[in-house]
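A single structure is presented below for examination.
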Amino acid sequence: MSSNPPLIEVKGLSKSFALPRPVLWKPAQALQVLRDIHLTIQEGEIVGLVGESGSGKSTLGECIGGLQTAPPGTIKFRGTALEQLQGAGLKEYQRSVQYVFQDPVETLNPRYTVEQIIAEPIRAAGLVKQPKDIREAVEQLLQDVGLDAAYMKSRPAQLSGGQCQRVAIARALSTKPALLICDEAVSALDLSVQATILNLLGELRRKYRISQLFISHDLHVVKYLADRVAVIHQGTIVESGHTEHVFKHPEHAYTQSLISSAL
Amino acid sequence: MKTLITGTVMLSVIVIMLLISWIDLPSDPNAMNIANRFAPPSGEHWLGTDQYGRDILSRLLLASQSALTVSLGGVGSGMLIGCILGAVAGYMKGLIGSVIMRAMDVLFAFPNLLLALMLVTVLGTGQVNVLLAIAVFSVPSFARLMYGFVLEAQSYGYIKAARSYNAGHAVILFRHLIPAALPRIGVQMSLALGSGILTETALSFLGLGVQPPHPSWGGMLNEAQSFMYLAPAYPLIPGFVIFLAVAGFNLLGDGIAARHKEAVS
Amino acid sequence: MLEIQDLSLELYVDKTWKPALRPLTFRLEPGEITGIIGESGSGKSLLAKALMNILPARARVASGSIRLHGTELLSLPRHRFRSVYGRQLAYIFQNPAGALNPLMRIGDQLLDALLAHEEVPRKEAVRRALKALEEVGISDPERVFRAYPHEISGGMKQRAVIACAVIHEPDLLIADEATTALDATIRKQILDLFLVLSKKKRMSILYISHDIAAVQYVADKIMVLYGGMLLETGARGDVLDRPLHPYTADLLQAVPYHVKPGTKLAGIPGNVPPITAKPPGCIYAPRCGYATERCKEDLPPMVVAEDPSTAADKIPHTHACFHPLLRDSLGKETHLNTNPSSPEGRERYVQQPAAH
Amino acid sequence: MSYLAQRLLIAILLVFLVSFASFAVLMLLPGDPVRLMLGTEAPPHLVEELRAQYGLDRPWLLQYADWLAGAVSGNLGESFIYKMPVTQIIVDRLPMTLSLTIFASLMALLIALPLGIWAAVKRGSWVDGFIQAVVQIWIAIPNFWLGILLLLGFTVMIPLFPPGNFVPISEGLGAHLHSLFLPALTLAIAEAAVLIRMFRASLVEVLNKDFMTFAHTKGLPTRKKYIRYALRNSLIGPITVIGLQVMSLISGVIIIEQIFNLPGLGRLLLIAVQQRDLFLLQGLVIFITVTVILVNLCVDLLYTRIDPRIQLHATKRRTT
């Protein structure tokens, strides 16, 4: 694209989890979940990551977001390897990459009000300091995700699944991120609500150029939302490319079977 | 809800006993009057007198102090240590974590009373040592509870999210984890208090707790057993008080647990 | 074959019985797959459980009748159901792992199902069980027969469950979200299996799902449930290509599957109502772009559409709406262009908390 | 096989550690056992002599090494008060305690299984509510009080059982069991309350599982459904906590033997504690530790037999 380094660049990432030793004197075994992953996410781009359960797609998302450690040098944020980030650079990365998770209810602390939920990351990032300004920021964020400011004092239990997901998105947006990692973010929602959330995500990219790594098992949703798509199977990305191209001319046998089994 | 109310009522009887014992006892609990031994209930002695003619009610009230302070102190300190150990083990999954939890397993696999007996043998009889014994065997249950909770909470979306926006360890610990764990700790605390009372009374029943002539519920029951052919009603009284305290804490724990479950679903 | 007449269900909520499923009437025929589309709280699972007489304690049938080959099931004593289960009615679950006893080998569970209704010598029973496994598309039946549930994959488990359910070739198989927990590639194979069972064995299948694509793939006939009310029924092509009820139309507009990439999805404003919400009027009125005062006050009855496209079809196209969508000769909805709350307008809709 | 080897290795290590820890603690405790035996007035040379006789004048690590060497060959040292080998004393007292615990466990199962199953099958009904409420109260009755009440009721008021009159098994099984009936009943009642809760909870959990509904809609006969599908699954949970139940039985035995004046291991333990009989106490602690570890090992093996999901080589068993 341009000479600027990509927002996220994953190069040769492999990851395995140690399994508990079967017997003390035998060597520990490892379960390889990711194998030699290459993936880039440009600024303002929505990348779909499609895979079935157990394919390693969530682990990849967690590695990019820093929730799991990756081998040194395999993940770069704007050209700098994650483990080399320090001070302001580290803060910038932590602020710039945010999550939206699958379960809209469990993702919010039930003891918090909507305002507290959204204000906490603002405070953590130190973007806004005055209580009055934080409050205003929360109001603005709620408006951005299509929720009335009257919800500020509500608790998650009083909200529907779709509303909870909106709050979760507002929380993710509160640090003005450059990348949202959406891990099955619409899978648990009712169909009639799913669409509004998908629209919201699309709008965020259009308005604020927020990149997204959209992780899903649902081909239709990915096809609808993503610019580029990567297909992950048993820890390996078997195929990636522009969404339309991949869906029209799948090359890898797994992608073909995945697409042909879509109804 | 019914459980909660019943438990609270039972416990308030015990708490009232404690309060009265602090303010004023009906008569001197250690004043002997052999001529008036095993007197039936009367205006002067509401629950009658024991083998030395001492007022049973006063002794019962005074004994509530040691029973409650010892078990509360023991379970309280056990809870603090256990929760810290469990939380540390949960965070540091490596060697430290497994060493802590294996040690807890060993402690857990030991019969409560045997553990208490060993400690009392080593340290000698007396309230403080009983308290220590209760603390020691309360530790593993709280450690396990906290360990399990910390592991479970790692997968909560809001903990993951807090980690991803780097809320800081203090915020995650004090604003997210501890408030979420409190109801469970409360339940466990209530149940542990029940077994704490049981241990305190069992040890004093075996003559290893509070030493005579100072009254204790267990000690009174032991004395009552020696004289049960003479005064068959006497064993009923201290036994019932112990039962009331244990049942009260158990029901309170069950009640909180049920209410918490309701609130969650 | 199975006739459901004015069946209504109640749920025990806040210490009273509240109406949950409004009276509904339909019939199921042999060799036909009926799909029920519904979001959460639509009552689709309750309906399935009511047909099987396995309602949870907090639910009950309030009125109506369920007749199987003319026999009233609702008045059948509980012990008589044993002979109905497996031979006439069968039921499979969303989660195949949960439906199998983890401590028993697949083969033994299959034999239990077989021997529940027939006295067969052991050797013959094993042979039939192996054949049943083969028929549901298991390529190595001997291995699966000997395996414990945890030793085989999720798709394999669901096949084994189906084998247990259909070993006596029941008249009706109820599949409650039976493919939801499966991966896409496996899902299609299971759906294909349903198609084979219905066409080859003349089995009637009630396929219940929130997955419109899956329902479209297998169903001959579709019923649309929402908030405990039946809103639309008809042949697959009628309901999905020429929906009459605004809810059906809106739902189809909201699914990425039916929409080209790049075009905006028409999300439906508001939230799915709880099943016990029973407004006097149409359940969809609060979210409906076409709702009028009348919709909010009166309950629209189920009527057969006078849509010319359905006249020739054997399956009537019915709907419960005062303002069904009209179409021009090309089958295009004429209503939409004059819609006061177009998708654009809806997008600006901001959700307000309900007044307390 | 290597799993079993690992478990045994860990078990042996654990017994070693416990023996070391308890020996150290007992040796370092204040109070001189020899003085306790002879009284404070005893002439010093006698005290020294006895010390030397028991080897108490040497460094305690050396004493431990001696003890360990003996323990490996089954010699747990000699008791101060009984002037007999500890192993011999334990073996003499074991049959009575074993009888009592087995008798009590069987009684507890006999009470708890039917009630637990009944409550679970009738879950949500008044029967279930009643059983649960009773158990809630019942579980809080201290076993020493219960023992006294039973003693009072059945030896004084209705004299069905003679008080304090233990008959060994060599004098006839009937008389033996008769003499143990009240103490066993006391233990059993306390134990049964816990078991009823456990059986009910685990059976209710199983009955609500999808595979029970599926078994139902397969048209299985009721008996087959409950026995082959429900009961076996519902026993997995309780089996994993047998170890804990044995613990609480041991605690109970110490008290019950005291109340009913029975010459078993529990009484012996109390005597050892009161008299500061170090080697006897050490021997009993080791004996109980070994029992507990063996029970847990058996439970794990049993568990892997019942549940095919648990492989023998799995390091961790499911904790409930």
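Each chain carries a letter (A, B, C and D) given by its place in the written order, and its residues are counted from 1.
Here is the rule we use: a residue touches a chain if its C-beta (ideal position, glycine included) is under 8 Å from a C-beta of that chain, and two chains touch if they have at least 3 such contacts.
Each chain and its UniProt protein: A, C = ABC transporter domain-containing protein; B = ABC transmembrane type-1 domain-containing protein.
Quick caveat, the model's predicted, so the values are computed rather than measured.
Looking at A-C and C-D side by side, the one with more C-beta contacts is A-C. The chain with its CA mean position farthest from that of chain B is C.
The mean-CA centres of chain B and chain C are about 54 angstrom from one another, to the nearest whole unit.
Centre to centre, using the average C-alpha position, chain A and chain C are separated by 33 Å. The distance from the centre of chain C to the centre of chain D, with each centre set as the mean of the Cα atoms, comes to 55 Å. Residue numbers of chain B whose C-beta contacts span two or more other chains: none are found.
Not a single residue in chain D touches at least two other chains. Residue numbers of chain C whose C-beta contacts span two or more other chains: none are found. Partner chain B is touched in their complex by these residues of chain A: 65-67, 91, 94-95, 97-99, 101-103, 106-109, 111, 117, 120-121, 124-125, 168, 171-172, 174-175.
Of all residues in chain B, only 156-158, 160-168, 171, 175-176, 179-180 touch chain A in the complex they form.
Chain C makes touch with chain D in their complex at residues 52, 54, 57, 81-87, 89-93, 95, 98-104, 112-113, 116-117, 148, 150, 161, 164-165. Contact residues on chain D toward chain B in their complex (touch as defined above): 14, 18, 22, 25-26, 28-31, 136-137, 139-142, 144-145, 148-149, 151-152, 156-157, 243, 247-248, 250-251, 254-255, 258-259, 269-270, 273-274, 276, 281, 285, 288-289, 292-293, 296. Against chain D, in their complex, chain B makes its touches with residues 3, 106, 109-114, 117-118, 120-124, 194, 198, 201-202, 205-208, 218, 221, 224-225, 228-229, 232, 235-236, 239-240, 242-243, 246-247, 250-251, 254.
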